[in-house]
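For reference, the structure is listed below as structure tokens.
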């Protein structure tokens, strides 16, 4: 009796069926359409159709000045707008060879990491939602709300900040902000444990995500997958450490990588858990940055009167919560860029969905999609 | 005592179920479940034993039966019987089983199917207890088969090894041969007496329900089951192979308990056997005893020596029953269970140590069971050596040891039998011969294993004493092979008089016309033959030991040279009298050959000449007809005419054969309607 | 209503309808439904006899066995139909007529 | 209850002239009506409770009313009422490609099943529409009717998500019915009756003088049976973590994706009725029904009602607790759990109870 | 005519009417749906025959099991994307005539046969009686039935397995 | 390896005088002819010492209405942590570049995007469709000579350009 009878539904021969997931579906994280070919509940092929949210970002960039591009970057990855601002500002600054003040760098790191926490909270929460756990989602949003409150205090906006400018920031820190930030960190740190208790180490959650949608290292690299997804596959690669920009080399933090604690390296659970642990690391960075923050200095000091980079081109990359955000800028010395290409991390992450979701069940497709943590605004641009 | 009975079944069964279903998930893989279950039964068995001793009543008996099911007229009853024999058997099983469980914790430690192993052990314990507690042949048969099943599972426990898988299959099949006989026997008794209960059958037989010749046949049929299970000649071939199983299993099943089941059954059924049947039984036992002993002399695998020794000792017991000294046989069963289990567990300990030593050396080819690779382990494994030595003494029949008492009783029985029936002089010869050989090969084993020099010194350096879980059972069992355990409250090392013989008394035969000697007469005879038997057996035992000392310890004679000089006997013995080969040649191959011959006849002769011959004749005929008959007339008119008419009818009928079942159904219904109409008219 | 004949008639009607279904339906599953009707008609008879014909509870037992049988039959029949579908791409029993010459 | 009406009929001549069966039917109808009404109210209360419970579990307030005017009342008490009103007034949409007849029929079949089941449920010593000889069995039987409705709903919607939901649901409910029935069998083995009141009466008295003699405490096997049945019951009602048929993040809304308005409300009502029934059966079979937790004290019809409802409410709360805590299982995991764990466990359980009964009693 | 009779004839009408629909409907799913009502009606007949346990069994096994199985069968063997599953019939005329004749024969038999009538006293609880009968008199058939079910289960599983190529 | 070492290594190992560094200061990219690209890409991907296993970005470029189109590849090696920019220039009339989809899987989507925006054909691509724009979109919007459509599926597109300037 070692071999049990295979009585599950999958063993009955059925016809292949085309299932249109989206563009309107609760779990596609935006207007994404997946054409799923299924055999019973088993997925045999997935073809993603994207572009429903295409807003001609690159075409815009060739028509507006460098300053005016900034708000558009917000709208690409609207979950982590600070990081996108940051990446763009760093790219243009490099092109123009601007050195920004220490204080500005610190504030940038603080807000970027806070936004990383907020973004990861959203990813973690919605991933729970994707596998059917409703409560963790609301817990995450509760805490994310506090970060948004901090940002609101900072620049008045809650979602699209346009806070980090080329050469500086839009506003200096308001009075009492640093204390509030400390307060938040003190409150927030123990919360991570709560997420782990309610979701990460839940048996059902592990059943649903461990060993599912494994993304092997080579495949991940070949697909250009970056960020937490790549680290989930066990590759220790983080631009903040490996190709440091801004002042990230001044801080001490770890880069968590997937180890396959409950399943295989590179499965959904690993990708998920990387994010939880990155939240912890980001908290560490924010604390350090807050401690080292120079109290005086003008954040507008280095902002150029007119942004007119010299002729040349540059590919600059930064680490957003979703991975490597690259800007390829070609300047011909005019105030408008000749070409501005954005390489978005979610775009590459989504491209591998067929590879890793094939052969799993329909329910798993959502788990896998959720674990990749895509933002359609960034994919479609 | 009755209240205890169910626990002997429920606890091991529950342990089995838990192990099989949840074992892997339990802490420590659940070995404690089985151990607790068996430990509890052991406690209960001890309690029952103590109660029995306090009661000290030879004929104590408690029986309870209930209706299991009834099919029309047939009412089948099963039930539980507890008397002194049961209590002792239960204690033996619980004790050996408990110790083996304990021992296995160490021995099987790293096995991937650890919990399953314990589950099987529990299943075995359950079924063995079932056999013992049954008061009827039906449930005995059921548990008998369950015992066979668990034996099969345990022999083939390492089924990745081909040899183990084959051995388990062999054991199963060989046992089936005996069991068929047994089933026929049971059914004979059942049809004659209408009941499976012992008491009913005994009463029925005493009332003459079966004519004497049929009774003999029925008895022998029952005994066939015992032949299979107790590995008597000619069905002994499975037991040595069964050594492929884990060693604790060999100790439990293939030395102490399961193989004793056959003896136990014969013992229980003794009153049913006619003198003719008993004679057959005695010879089967005697032949087995000497036969196996001869084989054991030349084997090199430590476990095989013990296996053949077991076969030989079982032969003793059966012979004792056949000669009427069946109390002695049961006594030997009890003592043998203890010291043979001890021997096996010791050998397991040795193998364990050898295995680890080889493992450490990275040697995966050498056989850790081969005695030729051993030697000099005395100093390294003191406890194992001492316990094994004691058990060996017991088996060889050295005074002050339990084996001496029981063996002596059997030999006295045979001697007495032969004095009354001089034509059966061979039986005592078998007995004493086997005793000599037993002493010889057992000491050969001891010397080859523990004395002298090993084949490889580095192996010896890596030998370590086994862990306490393994040595504790050894010590307990070795202690149980001292005579005093069985003779209390009397202490006379040369007499088997004690609680055992007081409590276990023979019953008279129930065979009608009373041709058998009564139990009392047999006991008298044995008593008279006691002294000569004792003297002879002592001489014989010490001769055997001395021979072993001379050849294997002092190396006065080279064993190889002896083997060369005695080429034929050596070869016979070494190759186990070619029994397997004989079976191969005379049973298996002939069957295959017969099949081939039939096939050959079918194809080569029948098909080629007969059928094809017909074809040829037909061909000639047709050619003849074709040439002679007028082509035009026959062909054009008659043949074509027939063809045309056939086509016409076929065309009409083909609409009926649509291949649609529903069409056919309509026709069937039409038929039914017609029947209706005919009925109505 | 306490009249045996009514129940027997209902049983006969159900039987006839089931038979009609078996004869006329092309779809294997529909044929199976006809068979279920026939089995049910037998059940009605059994239970009716149990009530009126002195069959007592034995009638109930028989009805139960029929239900059990029906369950087994349905499982196997549907397995066969699905197999048929996989093999021939149709469940019409008259399309699968490799028996026809 | 039915007997009460039957006695009443005996006094009215034309009613007494009717055959017994018809009288019984009428009495059952009359006795059942208020209970059916009660079930509808139950759903409204349960929905409100679910909202509040989930809100408290998720660190938020849930429906709240404030200020003067058209709002959801104090603490949002009127929220469900407002929802019900909205559902009644909402446009009834039947998709063009749906199978109209079946689409309309399906919610009723689903809705009727739990309502009929209530008929066999004793609320206290007297309030019981009909004490069937086959009480528990009747509940199980009626419970299985709903599956057909679900399949029909999923099938007739002509929507792939619905179909997936329906297939999943059917497989799930049918599978979990087996361990549920087998778990109840343990209790039936001990009581020797299928009648609800008999089962409850068998649970009177105490164990060791302290614990009430409920089957949950009776022996380890019935305790296990309680858990098996309750979990299987949760699975049968399609609630998280077994809500695969309507998994909103996967199948949009499963078999009722295409339903709206009043028809959708039927699904909703029947879900809560089912929750009530499963909790009710669990309370009756394992928790002593209307028996007082302190045996001998606070008995009587009124207290019986109180105890029964407090047990049911407790179990419903546990189910809500499950729902807002666990993620959802996958189909194959769900089925595996049923066939490879629940079924063997409940079978072994039956054996265990048999042995226990044999040995201990 | 009393209310009880009315109910009875309503049940009979429901049973026969829906059975008729089962065998004549051109839509497979409608047939299945009608079968649902037929089975319920037959369960009702059982209640009238004081066989409450059988009625319950009928609903559990037929409605809860077999009917669902049939619906599954329908869905697995048809292109489920098409709602309107229609299917055709054959030899309707012949079949109708034959079946009518058969019914006539049966009816004649029913009406003319001298049935042995003995009104059984309805047992206090049919469940207990059935249980006793099953465990005593019909033990062997009961066991055989369980083996049959097992065999059917295994057989069905084997049949619908994907052949491992 | 820094950029100069890379160039040196490529010239040694791949082909003599293969890379002519441009006159741009600082020199940070190498130009390759479209015909050499496929072989060169394989070399870059598989060579032990280069091992550019990750493709970071593909950027299409239009150098002006009168001049050529270009494709820029940003490569990166996870193993050695060095990067390289490769540039291919092609004529506007016949923009064909060999596809490297098989070498870097992500090139699949990046090439589709470049095709979508610039109309550069990637030879050997298995599934070269538009990715961000609708299937029936006309023209390649990021080309400098792109003419804005006036309507899409009958919907007028208002000229809102003044808002951007």
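Letters are used for the chains, namely A, B, C, D, E and F, taken in the order the chains are written, and counting of residues starts over at 1 for each.
The rule is simple: contacts are C-beta pairs under 8 Å (C-beta built on N, C-alpha and C of every residue); 3 or more make two chains touch, one makes a residue touch a chain.
These figures come from a predicted structure and were not determined experimentally.
> Which chain has its Cα centroid closest to the overall Cα centroid?
D
> C-E versus B-D: which interface comes out with more C-beta contact pairs?
Counting C-beta pairs in contact for C-E and B-D gives the edge to C-E.
> So how far apart, in whole Å, are chain A and chain F when each is placed at the average of its C-alpha atoms?
Computed value for the inter-centroid distance: 25 Å.
> If you average the CA atoms of chain D and of chain E, how far apart do the two points sit, in angstrom?
Here chain D and chain E have centroids separated by 27 Å.
> Calculate how many whole Å lie between the centre of chain A and the centre of chain E, each centre taken as the average of the chain's C-alpha atoms.
59
> How many Å are there between the centre of chain A and the centre of chain D, using C-alpha atoms for each centre?
Going by mean C-alpha positions, chain A sits 44 Å from chain D.
> By residue number and range, which residues of chain E touch two or more other chains?
Within chain E, the residues that touch at least two other chains are 4-5, 48, 53, 57, 65, 72, 76, 80-81, 90-91, 94-95, 98-99, 102, 126, 157, 160.
> Could you tell me which residues belong to chain A and also touch two or more other chains?
Within chain A, residues 7, 12-13, 17 contact more than one other chain.
> Give every residue of chain D touching chain B within the complex, in rising order.
Those in contact with chain B are residues 344, 348, 355, 359.
> List the residues on chain B that touch chain C in their complex, please.
Residues 654, 657-662, 665-666, 669 of chain B touch chain C in their complex.
> If we count contacts the way the header does, which residues on chain B are in touch with chain E in the complex?
Against chain E, chain B makes touches at 69, 71, 660, 662-663, 666, 669-670, 672-673, 676, 680.
> Tell me, which parts of chain D touch chain E in their complex?
17-23, 25-26, 97-99, 101-102, 105, 109, 132-134, 137-138, 140-145, 147-148, 151-152, 155-156, 158, 160, 163, 167, 170, 174, 177, 192-194
> In the complex of these two chains, what residues of chain E are touching chain D?
That would be residues 2-7, 29-30, 33, 36, 48, 52-53, 56-57, 59-60, 63-65, 67-68, 71-72, 75, 80-81, 83-84, 125-128 of chain E.
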